Every structure is written in C-alpha cells, then in structure tokens.
C-alpha cells in the first residue's frame, strides 16, 4: 500500500519508519527540508510540497497527517482539499480536539479518520495504541497501515463515528493525569514518611507482580534510577494540560464527576502559580482575623 | 455566683471580664503573675496557686480552665484533684481533643464539662459561642456563667454527654477550614481572572444582602481593607491544622466523606512543603518519560 | 425617578415593590397579565406591551429586566431595541452568563448594565446585594434605584466594565455551592457520628458568636427546625448547577484551581446519577479481578 | 530449605505450592483440617497443631504466617513464642497494619520479617510482589524462599527496618484505590458521554501500547468482556477500605496531601451510604431556604 505522510517530527518519522518496515511505500513531506531528507534516507519518496506529494500518490490517496494540533491541521487540509476526492482517505494522527475533528470530517471531501495516538517515542519499537473514529469502510481499508503503526492488530480499533477517536484519546489523557498524580501521592508519602526508602527499589518490586504494576510505574522506576530517589533537581512545576482541561470540560457538559482528573489538573495549575496561591494567602490572613494568629509575611 | 478561672491568656482574660461584668465573683490564677495582676485590676480576686484558688472558693467549687489544650489540662487537673468533690464542677473551655475530654470526665472527681469555645478575641465584646458536653445538671447549674461568657442564652447549649462539646467544636473548626478555602477560591478566581476588581468592594457588596454573607466574609472585607486588594506581603503559608486533622480522622472512623474539609486541610499541608511537592516533581519527570517533554529543573 | 420593569416574577415583583416604596415611579410589564395586574395594584403603571412600556417612559428611559437568563433576555432586547437611544439605560438584573452580557452590551444602543442580584426572596424585606458592571456614568445615574433595590448604599457597587457584574455573581454562586457543601459535611459528620445531637440546637449555638456563623447557617437552623434533625423526607438529590459549572469553566480557562467548588458541583452531578456511579461499579468489579472479593449485584 | 507455613487459605496455599515447586520442603498447618489435607496432597508435610509444626521443623525454624491480619496474627505468635529462639525467622505475609508489625517485631523472640504481599490469586502462576521489612540478615537468609514466592529475584526487596514492608504495602494499596477510581472516571465519562462506545474494545486498544496500559487496565478489559460494556448488574457499592484509611491517616500524620487517594476512599464510603448523603440532602433543602427552589422529597 502507498501512504502519504505529512509532518515528519518525532512522531511522524516513527510512522514513516514503521510503515516502511511493514513493506509499504511512503511519500513524505514536511516544511523542514532536513526532515524530508531523513525520511528519504529511511526509504520514503521525498515530496517538496503538498501538491508534489499528492501527485506522487497513485490511485486513491491515503494520507496521514502528523502535524501539531490546531491551526496547522486546518492549514494542511486547506492545501490538500483541491486534490481530494470522495474515495481518498485522510488520517489525522495528532492530538486534535474532538470537536475540531467532527467539524473537519464534515467539510473534508475525502473520508476523514481521526486517530488518537498514544505511546510516545517509545512507540518507535513497540508500536502505538491507535483509537480511530470515522467511516468504518475507510478504517477497514487502512487496516494494513494501522497494523504497522500500532503494536499490531490488537493495538488499534475503530471507536465509532467522526470525532470518537480523538474523544477516546482525550479521556485517555485525562486518566493519564490522574494516574501520574496517584503514583506521585504514594511516592510522596513514602519519601516524606517515616522510613528512609529507596524508591527505585520500591518501584522495581511493585513492577514485578504487584496489583499496581504498569508502564507508568516502569517510567517511575526509570526516573528514580536516573534522577536518584529524591528526584535530584527536578522542579515542582508541571507543564501541559490541554487534554486534561478538555476532559474536565466534557465532564461538566455531560454532568459526570471526574474529581481525580480535576484534582490532578488543578495540581498542575497550582504548580505554576509563581506568586503563591491567593486562596491560601487569604486563609492565612483570616486566621489573624478571627484568632489573632500571626500572619506569615514575605520577606 | 463565684467562679474560679485558671489560665489568663487572651481568652481566659475575656472570660474573667465578661463574668465580672455580669455581676459574678471571680478568683483568678495563672502561672504568669502579671496576668493575675491584670485580672485583679479588672476586679477578680487574685490567687497565687491552684491550692490558693481552691481555698478562696466557697461552698461547691466552680472552676473554668482556659489553658492550652493537651498536657497543660492534665497537669492542672492533677493539681486540682485533691481539692475536688462530687458536687464541684470543672469546665474545660479550651480546644481539647474530644477523646481527652471523655477520658478526663471519667477520672475527674467533680462533674466535668467540656466546653467548645468559638469566636476568638472578637468575643470580648460580643460574647462567645459555647458548645457544652457533660452532665446536664452541672450545665444547668452553670447557666448564669454561660449566659455571661456567651453572647447570651442563645450563645450556648448543652450538646450531650461527655466529650460532645469538644466534638461539636472539632467539627465546627473543620467546617471553618473549608469555608475559608471556599471564599479563598472565589477571591483567587476574581483576583486572577479577567477583570481588575476591587476585592474590598466586592466583599462589602456581598456582605450586604448576598446569600454568602457571613462573619468570615466580613473578615475578608477587613483583610482587603487593611492589606490591599492583592493582600500585600501576606505569604502563601497556612499554619495550624490540628482540629481539621481530628475532623478528617473522625470522618475516616465514621466512614463519612468530608472531601471539602480534607482538601482545605491538604492545602495547608501543601503550603508548608518548602521544597516543593514531590508528587508534582515526579509527574513532571514522567512527562519526559513518555513524551520527551523537557523537564523543568531547579537552578 | 421613573423606572420601567420588564419581568414580574417573584424577583421582579420585589424590585417593583422596593422601588415604589422608595418613592419612585414604575411602569411594569410582563407577558402574564395577572402579574401586571398585581404590580398595578401595588402602585405601578401597567403596560400591555414592551412598546406600551416604552411609550409611557418619559425622557431618557431606564429599564430593569428581570426575565429568565438566556433566550428571554435576547428576545426582550430585540423588542426594546427600536425604542432605545444612547442616553437610555438598560439593566439586566437576572442570572445571565457574563459572556452574554459582554455581547449584549456591545450591541445594545443604550447604556447596558449587567447586575448580579443575590439574596433571593428574603431580599423583599432586607433588600438585595447588587453587583453592577458596565458604564460608570450609567451606574451613577441609577444609584437612587440601586439604593432602593439593594439593602441600601452598601448593598450595591460598581464592579467594573461590561460583564463584570455577572462575573462577580457567577463566582458568588460558585462559592455558595462550596459553602453549602462544607456545612453539609459538618452536619453529616455530626449526624452520623458518635453522639446523638440535636442539629437545630447546634446550629443555633453556632449562629450566636461562632466563627462560622452566617446567613446560610441561619438557613440550616431553619431547615432543622422545620424538617427535624434528620431532615425528614428531604431527598438526596441536588438540582441546579449552571452558575457553578460556569465558575469551574472559568477556573479552567484562567488556570485557577477551585477544588472545593468543583467537588461541591460534582456532588450535585453524583446525586442525580440515578443508575449509580459507573466508576464505583467498575471499582467493585475490579476488586474481584485482583482479589476475588465478591461482587455486589443489583437484585 | 525447610519452611513452616501457618494459614492455608487461598494465599497460603499458593505460598505452599510455589515453595514446593521450587524444590523446598514445607510443613503446613491450618485450623481447618481439609486445608491441611490439601497441602499434604500437594506435597507438604501436614501438621496437626502449631506445636507439631514446630517439632517437625529441623534446625533453625523459618515460619511463614499467612493468617488474617489482626487478632489471628497475635494469637498465632503467642502460640509460637515458646518454640522460638533468636536464630529463628518468622515472616508475616498478611496485610497487617505496619504499627502492629513494629510492635510484634519488638516482642518476638525470633527475627521478625513483615512482608507486604501483592498480586492476589493471579500470583499463583506469576508469583507475587513482596515488600519485606525487618533485619537484613534474616531477609538475606530467606532469599531462596522469597525467590520462589515472588515472581523471581526482581519481585521482592528489602525495604528497611521493622514495619517498612507493611508500610510500603499500605501505600501500594492507597495508590491502588486511586488508580481504580481514575480508570473508573475515564470509563464513566466514555459510558455516559456522547459516543456509543464498546469499552472492551477501548480497553483492549489502550492495553496495547497506550501510556496508561497496566495490569488493572487488563482487569478492566476482562470485566467488560465478562460483564458487558455496561457492567450488567454490578452494583454501585464498593466494599473494603482499611488499607486506604491507614494510608490517609499516615498522610495526616506526616502532613502529606493525598487528595486522590482520599477521594477514592470517600467514594467507597459514599457508595455505602444507604440512606443517601446527608450533606446533599441539606444542600437541597438550603436551595429552598434562599431561593425557594422546590425540595425533592422521598416518596
């Protein structure tokens, strides 16, 4: 099968490599010439523009977008549009907001698949987990490609109609925030608690047979091994938050409580409050108000 | 009525003043001679020891303890014990753990009343809210004293058997933590949000007729008036926490969820984590683990 | 001063009564003829249409809308629009979303004031708390009206530009959710805990001098007096939630954590999950998965 | 090596089987004769009393307790005590409170190892995760046994001094509660949300390559496969909670916030509030108090 790939960043390059390794053909394009050259060296046919890429694709076009979520997806689709026909298939493998995917599916002349992708750079060897939304026939036609990009046939699935792939990925990420914070609470208690523990040792033992074993816990073990049991100079500041925010917003709209996901997200916000949390400053001052407790002041 | 008062700190002095103002007699003792002198100047009979205080009390003894919760209460009771008989009444007006009050009530030769006291220094003028546990007859006998120390007859009540007064006070304080944090969240959102608001103005308007008006909100208004709308140099550090901790512990034992009280307490703990929250540092490192996101480092 | 009032439900009628009582003139309209008749009986000039109301207003028009938030406000403004000039003033006293108020302020030919109103039916006697956003000159011109509708001059204030009045009211309501839930946690612990307590008694004592005294606590006292200490047949189901949802959404956009407000809102959602919480059903099944604990089943 | 095993329930039997399979000798005792007979059939030497078991152990005694946490452990230790000498080793492989283990280690005449065990019945094939506290020399001496009971050498570790094994296991379980609830929130949102999703399909795809893949997620997949995507008649009621409660209590003592673990535990409590949550009933009534919103009543 021949696949066009647009967007050759870390994740796009992995897609190219895995599709080539499975014996398919790839036409590759990126705004960055060096990324295109790297893909060519790996065995892809280089394209120097979206027009060029479309011309190199023979028969019905199958195109995988791996560009940053947001405006870049819309810009790419706009350029693709004149080349697309109803039989063609476009896959958005990025981290798009599911509402955007629903909108794009409606206006795209080709079949449009929204594909949530999880696994990160580690997917280069293992393959990704792919959650796909959109027309079932288009999904079925691309199965050989999904087999190659995913961990295999079990690593991808058709979730439902347009948007459902990115919807499931959004919720995946919300859960991810909560899992990270849950492990973090446990390790914080072990770190601050009454024993002097080697957290790499703890996580190693847990990863071998304990109920809470997981890939994230393997990453904890790796973190303690590489940074030390006190995490060295890693700062108390957690960036990111868009997919978690979307998950909580969807929970509000559906009236579904997601307090753990909310709390994990709020910890990120709190970690970025550089001048301290106003709520706590007020609480401190109120303790003076009713009890004449001394007010801690910034020096 | 004649009342012995042991413990003449800020709160004990207010008890003395209010009881005297209501026309009763007071014999006052404190380990600090100056505090005793101040009470004497206010009209109390000074005592230079607990023995002396007991000797000055005529007939059945009524004694109000206003000493720091914990060991000081036990030490005082131990000294009092040889002087006490079954008809006497001892009131613990401090912030004791209710389990301690149950234990003390069992071993005290006199009737023992545990009296939760709320209102802080502002109670000097208004009177306090008094939640009283212990034998009902003893409570009834002391009503004239409670009328004087409280805001009046409505400001005190008999809650139930031994320990119930401090139990209700413990829960009062747990709620207090949550209320402070709830107002804090609202003002934080107003402060960080999209309008440039005068928070003294906001709280003044709210305090006049709004559903959330309260004494704590009046203290917020005062805080913004005195510190400025951005709370000046008040630090993000909230001290205290014992009664809140007891409340959450009781919730665990009774299997009653108190998530707002817990969260308010956890904010205090978090405000005192001087080296940052370990859980957030781990989350930050894990984002590198699965997504190669840059790790923020301490400089 | 002459004021047109559109919308004569419970709250609108109170506005009419208070403005009349302060010696002003009112022209009143509602889609419901009986409501107009009631207003007329109270001393207002009745109008049988918005056109009629506008014609009865002399000189620059001052009009107070007290219609349900949402489409009704837009529909009323559309009808008003041909009658409005730049010198006129329209007040939206309802519970509108602040973003809607910003939009309406931009398109309204008259000066537009968004006025958050708190106090509920109890405001009939006490007056309301009014948080007003929009042009300062318009606010100043209407001060006599605000004095009448509010508890007095202290019961209203100019918050800032368009939308800020409803913004502050939105946050007020978010805090209100959290305060209610905080008191609820305390009383739940007292109710389920180890003493047999009279909760009307507890709340009465707290309302007299305790740190957590408030109007909401007075309403708790009233509730226990009227329903009994176990709240009789009041169901575990909390309706409402729009302003709380908006508050959390704004917290997400501003990256300000509001965990107490979120939790209080989530409790409402949870109370309406008629078929049980899916998350808990899954947890129950997982306990079988890893520990062979028996799974509770619906009968 | 020869090992005495006391307690032949599901977990104890697995210990016996795995130790025998590794080529060691086992002397087995349980109060239930049938359990002893089953162990004998598997190849263990049966004992008909603790005395008998001790007599059958040659040289220094190594004894593994797998009895229910609490009084049963103390009762067993009391019976063992006359037989124990300083060179002997006792392992408590149950779910004991770490404070109990510290106390027992102090009074036990033999070396005492507290061994947190995770993995549940699935450990029969895979082996367990073993977190061991107590004297390092005793741990080292028993390594062949731990190799057999655990997944292998990586599945066990020496955590630190007495109590640390059960301490780490306690925190493990606290994290476990939070992870279960985190997955539960995600699946609840997917179940109640805007797509009609097959949750077995979702969890299968996630388990193959996604960041949140884990053993608990495999158990979710199994649950959806066996119960259906809506979990059939599984009830909204989560039993258990002791280790989670201990974890939160330890967080309170160490002043370490564990809001996700707390929330997960509180969900369990809430799921067992058969007459509804009092806090929500009060909130519902308060909405009438300030806004005259209709009160939902039980029929």
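So that you can tell them apart, the chains are marked A, B, C and D in the order they are listed, and the count of residues begins at 1 in each.
Here is the rule we go by: a contact is a pair of C-beta atoms (placed from the backbone, for glycine too) under 8 Å apart; a residue touches a chain by one contact, two chains touch by 3 or more.
Everything quoted here is computed from the prediction, not taken from an experiment.
Touching subunit A and subunit B together: C, D. Taking the CA centroid of subunit C as reference, the farthest chain centroid is that of D. Rotation angle relating subunit B to subunit C: 180°, from a CA superposition, given to the nearest 5. One finds 33 Å separating the Cα centroids of subunit A and subunit D. The distance from the centre of subunit B to the centre of subunit D, with each centre set as the mean of the Cα atoms, comes to 40 Å.
Taking each chain's centre as the mean of its C-alpha atoms, subunit C lies 49 Å from subunit D.
In subunit A, the residues touching two or more other chains are 119-120, 181, 183, 185, 188, 192, 211, 215-216, 256-259, 263-264, 267, 270, 277, 290.
Interface of subunit B with subunit D (complex): residues 211, 241, 245, 248-249, 252, 255-259, 262-263, 265-267, 269-270, 272, 277, 290. Looking at the complex, you find that subunit B touches subunit A at residues 10, 119-122, 180-181, 183-185, 187-188, 191-192, 215-216, 219-220, 222-223, 227, 231, 233-240, 259, 264, 267-268, 270-271, 275-287, 289-293, 295-298.
Residue ranges on subunit A touching subunit D, taken from their complex, read 118-120, 123, 126-131, 150-152, 154-161, 163-164, 167-168, 171-172, 174-176, 178-179, 181-183, 185-186, 188-190, 192-197, 201-202, 204-217, 247, 250-251, 254, 256-261, 263-264.
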